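Both of the next two complexes hold chain A, though its partner changes from chain B to chain C.
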Partner chain A sequence: MERETGVWRLVFLALPLGVFTVLVIWPLASSFYYSFTNWNGFSDNFEFVGFLNFKKLWTDKLFFNAAVNTAIWMVAAVLIPTLLGLGLALLIDSRIPGGSVFKSIFYFPICLSAVVVGQIWIWIYQPDWGLLNVAIGAVTNTSPDFAWLAKPDTALGSVIAAWCWQHTGLAMVIYLAGLTSIPEDLLEVCEIEGASTWQRLRVVIIPLLTPATVVVVALNVINSLKGFEILYIMTGGGPFNSSDTLAMHMYNESFKKYLMGYGSAISVVLFIVALTIIGIYFRELKKVDEIYG
Partner chain B sequence: MARLVLDNITKSFGTVQVINGIDLDIAHREFVVFVGPSGCGKSTMLRMIAGLESVSGGRIVIGDRDVTHVAPSKREIAMVFQSYALFPHLTVAENIGFGLRLANTPKVEIDRQVGEVARTLQIEQLLARKPRHLSGGQRQRVAIGRSIIRNPKVFLFDEPLSNLDASLRVQMRLEIARLHQRLDATMVYVTHDQTEAMTLADRIVVFNAGRIEQVGTPIELYEKPANTFVAGFIGAPSMNFIEARIDSSGGAPIARFGPASIPLTGTGNRFPPGDVTLGVRPEHIVFAEGRTPDFEATVEIVEKLGAESLVYLQTGFSADPVTMRVSPEHPVKPGDSLPLCLDRGRVHCFASDGAVI
Partner chain C sequence: MAEAHPAAPVGREFNPWPVVIFIVLVCLAVLFLAPTAGVLLSSVKTTREIALGDLWSFPTRLYLGNFVEVLNKPAVHQYLINTLLVTVPATAASIGLGVLAGYVFAKLPFRGSEALFLVIVAGMFFPPQVILIPLYRLFNAVGLIDTLYPVILIHIAMGMPICTLLMRNFFATVPNALREAAILEGASEWQVLTRVALPLSLPALAVLATLQFTWIWNDFLWPLIFTQSDDKRTIMLGIVNLKGQYLVAWGIQGALSLVASLPTLIVFLFFQRYFIKGMTMGAVKG
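Entry: the complex of A and B
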């Protein structure tokens, strides 16, 4: 009987495990494999080059540029939507008039694909008739024609702004759910103990929102690591690699320069970075679980 | 002096009035328990005293100060919640010293006061733990500690023992009683458990549908209930109610139900002829033992509780079983037919509107 149950377990697990193996394990293992080769992506003839691709990373200025941009991208793409989401959630939770309408409006962008969001913001950033320059012109009474996406100084920041616009709503909704799960009597204790609004926020609400923060940060980290499409649509990593991230650099090396082996080495580095972040996340999650259950 | 006065308090939610003109004067150091069924308004009343709920009408006075519209933190009250309301991210010490921390009290002073309170409640060894790692009883002690450290004039308890198991509840009840003896404070305690009310209270306030049904000492309420609601609510098991008819044709009033005729004490004027409800406590139904029985009843179920047995009786005059309290040694068993009498001096008589006659 027990053996029969075991067989059925294997049968039912076979399909998801098969899909997982084909779509995740196999490509991952392939990346590791090809990172030690000089494969160009097409030819059957390639050689094992050992750690040569990884050594090359140390001397690749574009890789370092992409790594710095990735760090900026990740910090901004995690911090800004998290903080804005928290702020908006607190504002809407304070029962401002029209709160539910604002909630829907702020949440709407997350329903759009990155390609659509990218295109909307390309229009907003248009030098001649884009909404941003028109708005700045209306306020300053000038006619600015600043090319936000075409300048190395502003390209990455402009894409980050578009990214934050899309992802703040999700953080807000998660924080709103977190706020509603704070027991009312804890807030009443604050009232009885005479906590000011700031004390209530700092000592009680923000710490009690830790489980929500863990979810928001995790989602933002994962999404930012995967944040390739919007960069590809809006800047393609340019101008002059100023918005090049590791994911973009990997794509360019693998599929534009046909250096699949080197691209795989970049993907391995990216994988290790992601694994480290996820490891830290799980460690923190355990701590949160110990406190909040 | 922490006298607490509730003066014609009303509370409405929209068009629904949930508290209907409560008047109550609670003396300094008095332990008053609000009891009543769920939704009767007792917790709402407590929350209004705390300032967590606004008052629709009337005045709340603590000491000599009208606090009706004063913020909760300025009322000199402390509240212990049913759920303990401990902050999960703070240690026991931080939870107890929460109010002092908010008031920017120096850390040395917070540590001293927290240590003192922890010694009082015997929770010194728990100070570094988080609430999640405490038992229900320990959590409740911490919640009480947080209220003691405020040194309030009035302690408010909102069903503080409801989440504890039966044995722990008895233990904590005792601790709260000790605390009351030790502290120079007035206490208002809300519960729906009438055993807690009877054991803790100097006075009990029985709430029903947003009104006070009766205020009195536990024994007053038990022995002289003002109406059928109080009579039925106070006492476990509940008072037996028997529909009867008063016959004063022969001079002295007689209550008749089924085959029974019970002469009532008092004059014919106090017991006007008509339908009434007789109220009899289970311990006031006794075996006839040679006397002429008032009625006979058949034993349906016997509950042996150790110190006593409860006997549920089928009678010809009541659809509900009549409860009787007997000695645990009594060999009564289901199916027995028992000749019984009422302890006539202890029979309560209620008019058709429920008020005691």
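Entry: the complex of A and C
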């Protein structure tokens, strides 16, 4: 019996583990290997160059620039959708009519592709007839033709706004699900004890939403780390690298300049950043489980 | 009259908050819908109308020429067919692998299976750029660059973590007694999986099908790296390609975006429930 179970385990796991090893685990390991070479992407010959690629990272101003932009991007892409999502969830949860319609409206951008979202927002920022300039013009009675995506000062922020538009709904539905798990009688006690709305929010609701917050923040961190496509579509990292992130920089070095060895070194850095964040996440998750589990 | 009922609190009779909240939500909803409205409006206007700065107003008449142009373009047909050829097999296969692995992790655990499970789930968290270069070299070596196969295979592998996670969690809720009874009756593990566990897991399968279909349909990165010729491109790359061709033909771009988003919009409309379930799983765990 036990032996038979063992055979079935093997039969069931062979294909999934095979695919996963060949297409995820092995490439991950080889990324480290290539980061110590000078492979150019097509030649069969390449040399082992030791830590040369990593030394280059230190002096590469564009890498530093991309790292700073990644930090800005991640902080904004995590904080803004989380806070907006929480706000929307609280508003919708207050039993107003049409709650499910609002929910769908705020949530549906998540089913659009990065290409389409990018396209939509390129039009909003279009200098001549973009909605943003038209709206500013209508309010200030001028006719601005500011090119939001073509100016180094506003490019990154403009893409972040588009990102937040797409990802706020995700945070909102997770918070809404979290809100349904708050016991009704706890809120009744608040009412009986005469707690103000703010007190109820600060002392009861937000602490009880901690598990939801952990999930929201984790999802936002993961998604923002992967946020490459929308930058590629909207700015391509420009103008003058002002919206370059690590993922973008890695793509340009590897697939535009064919410096695959150097590109691998950048992806190793990206991997270490991801690993650190995942480590923190699993630790926090365990803490949450201990408190609320 | 008021003095006759001194106990009735005046403030209770009209609570303004629901009305205020409702108005705030309506304003926010309008703001949220405005970007999408732009695409809808552009798709039913002529290029001339848009160039005159008239994108954001309501159209006086419906102009369907943009859709005619997009839908009659052979390249667009090819993009859509390619996208289907990637999305359908990759969705089915990633769920299939997730079912197999999830069943073992839930019902046939072994020493070290928990650690193995975590390794697979961790795959969900990594930016795909990390494995881009080795995969490029791998598929280059076997001569599959500029075909759809690498895209399909990678989506199967990258989809496996979420499928395994969800199926394992779902199978865990299927009572062990059911499996043991079936085994006693002489059923094999395969029969337990296909005749007992899977029929009970339709909701989980629906969640995964919805999520995987949407993600793979919308993907841009993998076809960007692995396909080169125009007749191998998927629809999302097609939009970017055709942009050069229709540089100022905004209306056609809008119609094309709409056509490309239609399948995922339909899936979203009909399976919204599953979509949300998939995205929020774990958020309210006890």
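What we mean here is this: the second predicted complex is superposed on the first by the 292 of 293 C-alpha atoms of A that agree within 3 Å, B and C clash if a C-alpha of one lies under 4 Å from a C-alpha of the other, contacts with A are read in each partner's own complex, and residues count from 1 in each chain.
Keep in mind that, in the parts below, contacts are C-beta pairs under 8 Å (C-beta built on N, C-alpha and C of every residue); 3 or more make two chains touch, one makes a residue touch a chain.
These figures come from a predicted structure and were not determined experimentally.
Chemist: Sharing chain A, do chain B and chain C clash or fit in the superposition?
Modeler: fit
Chemist: Would you check which partner chain A:128 touches, where first means chain B only, second means chain C only, and both and neither mean what they say?
Modeler: Only chain C is touched by A:128; chain B is not.
Chemist: Pick one for A:51: touches chain B only (first), chain C only (second), both, or neither.
Modeler: neither
Chemist: Determine, under the contact definition given at the top, whether A:92 touches first (chain B), second (chain C), both, or neither.
Modeler: A:92 contacts chain C only, not chain B.
Chemist: With both complexes superposed on chain A, which partner does A:120 reach: first (chain B), second (chain C), both or neither?
Modeler: The answer is second: A:120 touches chain C but not chain B.
Chemist: Could you look at A:165 and tell me whether it touches chain B, chain C, both or neither (first, second, both, neither)?
Modeler: Touch status of A:165: second partner only.
Chemist: One more residue to check, A:199. First (chain B), second (chain C), both or neither?
Modeler: After superposition on chain A, A:199 lies in contact with chain B alone.
Chemist: After superposition on the shared chain, which partner residues are touched by A:12: those of chain B (first), chain C (second), both, or neither?
Modeler: In the superposition, A:12 touches chain C alone.
Chemist: Going by the touch definition up top, name the partner, chain B or chain C, that contacts more of chain A.
Modeler: C
Chemist: What does the superposition give for the shortest Cα distance from chain B to chain C, in Å?
Modeler: 7
Chemist: With the touch criterion stated at the top, can you tell me which chain A residues are shared between the chain B interface and the chain C interface?
Modeler: 292-293
Chemist: If we count contacts the way the header does, which residues on chain A are in touch with chain C in the complex?
Modeler: Residue positions touching the partner: 4-6, 8-9, 11-13, 15-17, 19-20, 22-28, 30-31, 34, 39, 41-42, 88, 91-92, 94-98, 102, 104-116, 119-121, 123-124, 128-129, 131, 134, 165, 170, 173-174, 177-178, 180-181, 211-212, 215-216, 219, 222, 225-226, 228-229, 232-233, 247, 250-251, 254-255, 260, 263-264, 267-268, 270-271, 274, 277-278, 281, 292-293.
Chemist: Within the complex, which stretch of chain A touches chain B?
Modeler: 183, 185-186, 188-189, 191-196, 199, 203-204, 207-208, 210, 290-293
Chemist: Report the residues of chain C in contact with chain A in the complex, numbered from low to high.
Modeler: Result: residues 17-18, 21-22, 24-25, 28-29, 32-36, 38-39, 42, 50, 53-56, 97-98, 100-101, 103-104, 108, 110, 116, 119-120, 122-138, 140, 153-154, 156-158, 160, 164, 188-190, 193, 214, 217-221, 224-225, 236, 239-240, 250, 253, 257, 260-261, 264-265, 267-268, 272, 275-276, 279-280, 282-286 of chain C touch chain A.
Chemist: Chain A touches which residues of chain B in the complex?
Modeler: 50-52, 71-74, 77-79, 81, 83, 85, 87-89, 98-99, 101-103, 130, 132, 146, 150
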